[in-house]
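Shared between the two complexes below is subunit A, which pairs with subunit B and subunit C, respectively.
This part shows the complex of A and B:
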């Protein structure tokens, strides 16, 4: 095992396992909350985008364009540094809240376009069928369109989620400790970049693999065959 | 199972690539020979901001550490090639042989010295805390209390220092260097910031509503560093620092860059 120790000293990594566990947990939680926000925002914006009401779809289109045309780091900085105290909250967002919301809003714009594609791919006959059994708009969406749409676009949504998880390392710029920060601790204390960043990479791979399994499971369980 | 195999294959490929990069490290007996032969000194630097290493308003790379290195190359009689890296890239740059040594305001400690060989310190730099003028703080100990927050550059030596000095204070680690921390203090996201006195003095000019708190909790030694086996180069650098300390050139540079905002007029 000597050759491994030469470029990856797992004994040193073992000393920093608590840091990595903390970072992994932090990244997982941040990503999970941001994913929740982005899927909700994405669904709402996708439906707004397809509305015939110009106020609604223009607003949705503007939101999507604004998010996609500016860097995520700028969005994080804007929410963290320039947003004043929120009236409902009575204070400013802290690092974690600001970071999660920025990530969620950012991913939401991308998710909404994917979800819209999914919704538009559902054939007209499905909707007419639902109408003929007396379902209103909300029920049609809830029971017929959205479940099929989500099952169909699960793979691109997973891809976007992977981007979201990796992007979550940007919240370290506003002082949130996460996985990447744990890697930096090894680099800074021991000057061992391999040990720091390889471990970080493996942890990201681990999160992604878990996500992949969950998606495959969810697709089988909820999605049916899709057609 | 198939997916697991695929992943382990991918990992294996990654490891092979790493192994290759380890093998391809330059293996010269004495890098000083190489420097003279190629007529070029290659130095890894980072752009952590004034006054140590930055790009001035004329677009030229300068700062205390940079000027020391420029002097070094001139006295060696070789050209100087500055390789700009992020802090994370400095160590790989030196270890892979791309750079002969790294010139940053890096602080040696027992564990870091296991990986790189550090020169004798070329300068000692005081660490200070700074805050907005409206804050009720006088000396740095005033911030060291529960309920206050101090901003610090993520992963800098000051993180460990703060954790030891002020265990009850909220410590906010900002990626993005000293300017990011100053920005956080300016936006009331941290009650105070911590940095070396020279950088803090720079912020005082930029942010007129800032003040430096009395007292210095620590004095860090600043060193250059090279690969552990470059004994000759290390001795050469130590010797060089001794020489320029004795003929007053180091003091002159330190006075200009590190002990006041004089340099701001020219850069």
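This part shows the complex of A and C:
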């Protein structure tokens, strides 16, 4: 049994379990906040992208292209290192806020493309029906179009959320403690990369499996991904 | 600026190597998965999910830090091959899914007709199915190549001076120009990725596209 202890010392892992639990919790919180931001940004950008006002849709298109063609890491650096003190906040963003906002803005661009596909899949009759009962644009969107659109694209949105959770490991670069950071702690304190990163990998794999189940469930529950 | 260009060159080098090896491995895995032998396709499915389930950062650390601990001498990798191997493995999962769904998108009748004229399975794959499937693979591949290019930004952690690391060095020398330097770095990535995305879009309008299973 010595070779197992040599390669993967589970006793050390057990000793560091609280760290991993803390990391897992903080990954969950970071992802949850970033998910909230990304869904709001995604919805707004998707609606802007479909607007007939050239100023609005050009801005939305430029945002999507800019996010999609640059790495998340550089976006995190730009937001965390280079943003000056914000007027409303009166100070600069700390690493947690910067990381969450960067993650949210990044995922928002991808979410917006998915949400747009959802909105565009809603048949014209639905909108005309809503118009004929006297709903204005905001009410139509709020009560008729968006609920159906989100139900249709729930599976790809969940897939993108899984990507978001994986991407959240990058905020450890600016010093936020999360799941990956827990692995780094073992590497730095004990020089044991296997124990640290294999455990972290298993945790991520667990999250990914749960997301995969959720996606399958959503696909069944909402009847396909909208075609 | 020349500093950043050196970094860009490294980024280009890593991404080209990865595009080559990742695609090669992905095509092989994807084609094997279409064979429908449970013995082959279940382990390969597990391989794909295991790689997709964790962030690329983890693969990179595992390849760079864990493999040397196995004590096998040819696994003592330098930073550059470690980066290329980790990124290629990660990429291959995406490519494999694209290849598989493209091959499955070619109607069964095509391969059945090919087999009925006396072609072997390999011949029908090579002469009939693949030429049709390749057109369907091209548009989503563009997306994967952009993922690779963006993924190279992460290999800076194991000490490769690519674009992001070059930018970091530059900001340490000129801390006041931080916004300019990182902005420029982002622009360089944009200049590299945007044409690829554009090309993929063009290919999509030209050849059509396949729906990927999620």
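Operating definition for what follows: the second predicted complex is superposed on the first by the 198 of 227 C-alpha atoms of A that agree within 3 Å, B and C clash if a C-alpha of one lies under 4 Å from a C-alpha of the other, contacts with A are read in each partner's own complex, and residues count from 1 in each chain.
FYI, a residue touches a chain if its C-beta (ideal position, glycine included) is under 8 Å from a C-beta of that chain, and two chains touch if they have at least 3 such contacts.
All values derive from a computational prediction rather than experimental measurement.
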Exercise. Will subunit C clash with subunit B on subunit A after the two structures are superposed, or do they fit?
Worked result: clash
For this session: Considering only touches as defined above, state whether A:175 meets subunit B (first), subunit C (second), both or neither.
Result: first
For this session: Scan A:95 for contacts with subunit B and subunit C and give back first, second, both or neither.
Result: first
For this session: Using the touch definition from the top, say if A:187 reaches subunit B (first), subunit C (second), both or neither.
Result: both
Problem set entry | Which partner, subunit B or subunit C, touches more subunit A residues | C
Exercise. Does the superposition put A:75 against subunit B (first), subunit C (second), both, or neither?
Worked result: second
For this session: Using the touch definition from the top, say if A:139 reaches subunit B (first), subunit C (second), both or neither.
Result: neither
For this session: Using the superposition on chain A described above, determine whether A:22 touches subunit B (first), subunit C (second), both, or neither.
Result: neither
For this session: Could you say whether A:167 touches subunit B, subunit C, both of them, or neither, answering first, second, both or neither?
Result: second
For this session: Would you sort A:155 into first (subunit B), second (subunit C), both or neither based on which partner it touches?
Result: second
Problem set entry | Intersection of the subunit A residues that touch subunit B with those that touch subunit C | 7, 81-82, 173, 187, 193-194, 197-198, 205, 209, 212
Exercise. Which part of subunit B faces subunit A closely enough to touch in the complex?
Worked result: 3, 7, 11, 18-19, 22, 88, 91-92, 109, 111-112, 114-116, 151, 154-157, 159-160, 172-176, 180, 183-184, 187, 189
For this session: Can you check the complex and tell me which residues of subunit A touch subunit B?
Result: 3, 6-8, 80-82, 95, 172-175, 177, 181, 184-185, 187-194, 197-198, 202, 205, 209, 212
Problem set entry | Interface residues, subunit C side, partner subunit A - complex | 49-50, 52-58, 61-62, 65-66, 69-70, 146, 149-154, 156-157, 164, 167, 171, 178-179, 182-183, 185-186, 189-190, 193-194, 197, 214
For this session: In the complex, go through subunit A and note every residue touching subunit C.
Result: 7, 65-66, 68-75, 77-78, 81-82, 155-156, 159, 166-167, 169-170, 173, 180, 183, 187, 193-194, 197-198, 200-201, 204-205, 207-209, 212, 215, 219, 225
